[in-house]
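In the two complexes below, chain A is the common chain; its partner is chain B in one and chain C in the other.
Right, the complex of A and B next:
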């Protein structure tokens, strides 16, 4: 079956102001998300995941690579042609306060996509509000009269108005209270089931992601360094960076001690081009080859990892041998 | 929306401005043509409440015996036409250039903003002086000249707002739903740009009325016998010690007009900023405890 979205070798650089070189935000990322699937992209701030999210939604132009929506190559389309197919993929932003115009009521905000596409009246706002668990009486309110969780529900309702196949969720719960985060995540899970939606979920928090994702891609400095089934990534991380991310999730049971793999320093600047593995400078198990040669993607079990020394590889080899 | 109480800070200056405009354009006609006629026997007569006043000339007369009331009102026609006309022209140009610079960005932005920067570096009064010497000083010329003197501020204001609005998440979301540039400008950008430019327009009217006065005072405004507030003041300056009223009335009109225009601008800005409904509590410092 054709994936709902397919990104192949996407790359994006930004020119730094004053001609001070170029910043590599996304560096050859390929991934695909199937119908009804949740693909979570995790990584720390500045790793390029938000840029990738916007590229997937065709809101940021790519330098090279290709974006295909349900098999249709949209990255080469003219702006005008693209406008007509945009209902395929809609985006939900991190901060629902910024994602809603203070001048529009809830009803006007939700109707806007329909209005833009000349499809006003094809779906009722009440039905969309109901789908996201809001009362129809909310329609007359302005965003400032709503709570953070309610606003994010409105944003989701607006994204659903055009009946998309894919929602790009850019940190959809990061700005919400912890008690509300679970509600919104549950809502998203329910909607996925009801509409068969595919999700590209961007997050920096593995704890949020592990419960809802089918597959996880770990991003580091513009590249996906490890990708595989969510359970596999969370329980048996192969890449030292993934291990570090998982170790940084706080332990929930008092007395339970996790061995902390401390983070060594900051990530290198994305404006520099490195010869070897981008993570080598922070990696406890880095060797000479890591600093000289960029690791190619290789399969270890059901995951794909870009590392010269993925843990678990040796054991797998032993078992086979 | 709840009904607000009548906001006097907005309506008072607006009302006074309207009275000034109506008086200047309708007043001299109602007073009759004799106000503009010279009456050398009644030179420099004082206002009605001083001894030596002349009947039918309540605000006194000038050095040619002309009625100061109708002179002052008639002089307002030029000052107001130039002030309002040039401010409107400047804001319209600024709106267009600011939209292009802010929305298109890139080459257009650099070109327009470079011209704006260079423009500000020129000494405007000197250029005005040269231009008037070459092409004369009719009202359309003055309007065009002052329009060219005032377009930079609305351009910058517009560009800044456009740049901010077009990167807002809700505008990106609308673009992501398939909105055209025209839709985004009409629906999201203009509603924020227009009120801001109304504020700029109001302040610019005030500033340009003063500049017009200065040009006329220097003899660069409309040519006599057409009065303007600036050239009446200029004509009256030699008699300042003996007949203060020749200078006082047009000067008072300039002060009132400019103060009202500025007060109107301030009131519009207050209304525009709170009208967006976003109360940013983090910047709302209580000045009583945090000066």
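Right, the complex of A and C next:
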């Protein structure tokens, strides 16, 4: 089946102020998300995941690369077709308070995208509120009268107004209380099932990601360093960085405290281009080749990994040999 | 044995005196020497205002109306500013969520750590140079002699938080109070800073009160946990037993709703509703409206039930063994 969205070799650089060089935010990223599928991008701050999300939602122009919608490259599209693509792509940001105008009621906020397009939606505001688990009486309220979880539901309802096919979810629960996060994650899963939505989820919390994602892409300094089925990434991480991320998740069981002295350092600055593997400076298993040569993407089992020494590679080679 | 930090029946309010907004109602919490206590709650539960007010750091208009806070035996409620300054950075070290706001952007970090020493031990900054380097090394700052000359903006978030911890540890405090010490950091850096906090507390036998919304952090570093809801502690106990057999339905809900790192998409166990904000706390059990097991009795203030090593504030705790007798509800009038 043709994926809803396909990103190929997307790249984005930003010029630093005062001619201080260039910052590479996204460096040749390819991924695709199908209908009903959740693709989660994980990584630390500065890895480029939010820039990539905005490029997928066409809020940030790409320097190079291509975006395909239902198989069609967007670069050759007419304005009319592009508008449709934009309608079909909606984004939900981390902070719902910043995403809603304080001067619009909930009803006005949800109707706004339809007004801009000058058309009526397939569902009424009451139906949209119901879909996100809010009472119709909420429509008359202003954002300040709502809790964080309710605001995020309004943002989701607004995103649904234009009947999207893809939701880009940029840390959708990170600003919510723990007891409310699970509600919103369950709501998103229900909506996905009901409408066959494709989700591109940006998140830093691997525990959350493991419970909602079908595929996981791990980003480090603008590149996806490991990608594959979520179960495989969670149970058998191949890239040392993925292993580090997984080791950093609290065990959540007081009896299983782990000592993680192997976790070292911070990511290097994205303004420097390093020879070799960008992770080598923090990697316990780095060798000379890692510092000289950038690792190419290679398949290990069902995952693709950019590493000279991915774990499990020998065992896979043995099986093949 | 004197507790390192002892909070007794603490009531905190804000706003106009004739129409106050009650933020905390009757918190009892004891941090014994060598023990790390995690104080857990969601926004509006009163966890941060409890620890900030206890150290005299709450904002203007926030006041303690009743109760007592003692650090190594020194009463802090009503204490003068000189006493508070001697205690903070002395017997009590403090670490906050955002290390950038805890550091002076115009001063080299080594000088800032030295200043903490000068304030409590006297002498000149340069006299403490050796101890500064030792402190920076102890919190895992690489090349501490060089880094001591760096300004905060030259350091990453994780290194800044390490500097803040080094400052907190400068005068060898009996207790470390940390408010969301890893929340502002990236996940891999969170794990590193947790290791530093664990080394500075558990491994050195130093007491600590760690305020957090993150039960994972509690599982990693704390010996005991206190769960706050609507301005009260609803459950307190040893971390192992609270995680294995939570007595309060809110604790159970919190533990169940936190997704675990595990393979496979799954539905999360979500608690209904949301935590009530100050000013909107219902009478009786504040959790009753969200509680799957609420009954008519829950309209009344629940009794404190003591177990072997901990207690909870619930009418219907899950294990109703005969050894647990309900005790009288605590006095609630303000």
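Methods note: the second predicted complex is superposed on the first by the 304 of 321 C-alpha atoms of A that agree within 3 Å, B and C clash if a C-alpha of one lies under 4 Å from a C-alpha of the other, contacts with A are read in each partner's own complex, and residues count from 1 in each chain.
Here, contacts are C-beta pairs under 8 Å (C-beta built on N, C-alpha and C of every residue); 3 or more make two chains touch, one makes a residue touch a chain.
The structure presented is a predicted model; accordingly, all values stated were derived computationally and were not measured.
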Determine, for the superposed arrangement built on chain A, whether chain B and chain C clash or fit. fit
Now for A:110: first (chain B), second (chain C), both, or neither, which partner does it touch? neither
Students often get this wrong, so check: with C-alpha centres, what angle lies at chain A between chain B and chain C, to the nearest 10 degrees? 80
Just chain B (first), just chain C (second), both, or neither: which does A:25 touch? neither
Quick one: is A:7 in contact with chain B, with chain C, with both, or with neither? Answer first, second, both or neither. neither
In the superposition, chain B vs chain C on chain A residues touched: C
Given the touch rule stated above, what does A:157 touch, chain B (first), chain C (second), both, or neither? neither
Should A:56 be classified as contacting the first partner (chain B), the second (chain C), both, or neither? neither
One more residue to check, A:204. First (chain B), second (chain C), both or neither? second
Using only C-alpha atoms, work out how near chain B sits to chain C after the chain A superposition, in angstrom. 5
Which residues of chain A touch chain B in their complex? 54, 57-59, 83-84, 86-87, 89-91, 93, 95, 98-103, 109, 112-113, 116-117, 142, 144, 155, 158-159, 161-162
Residues of chain A touching chain C in their complex? 38, 44-45, 147-150, 177-183, 185-186, 189, 204-208, 210-214, 230-231, 234-235, 244-255, 257, 259-261, 263-264, 266
Residues on chain B engaged by chain A in the complex (per definition of touch): 168-170, 172-180, 183, 188, 191, 276-279
Chain A touches which residues of chain C in the complex? 42-43, 156, 158-159, 186-192, 194-195, 213-217, 219-220, 239-240, 243, 253-254, 257-271, 274-275
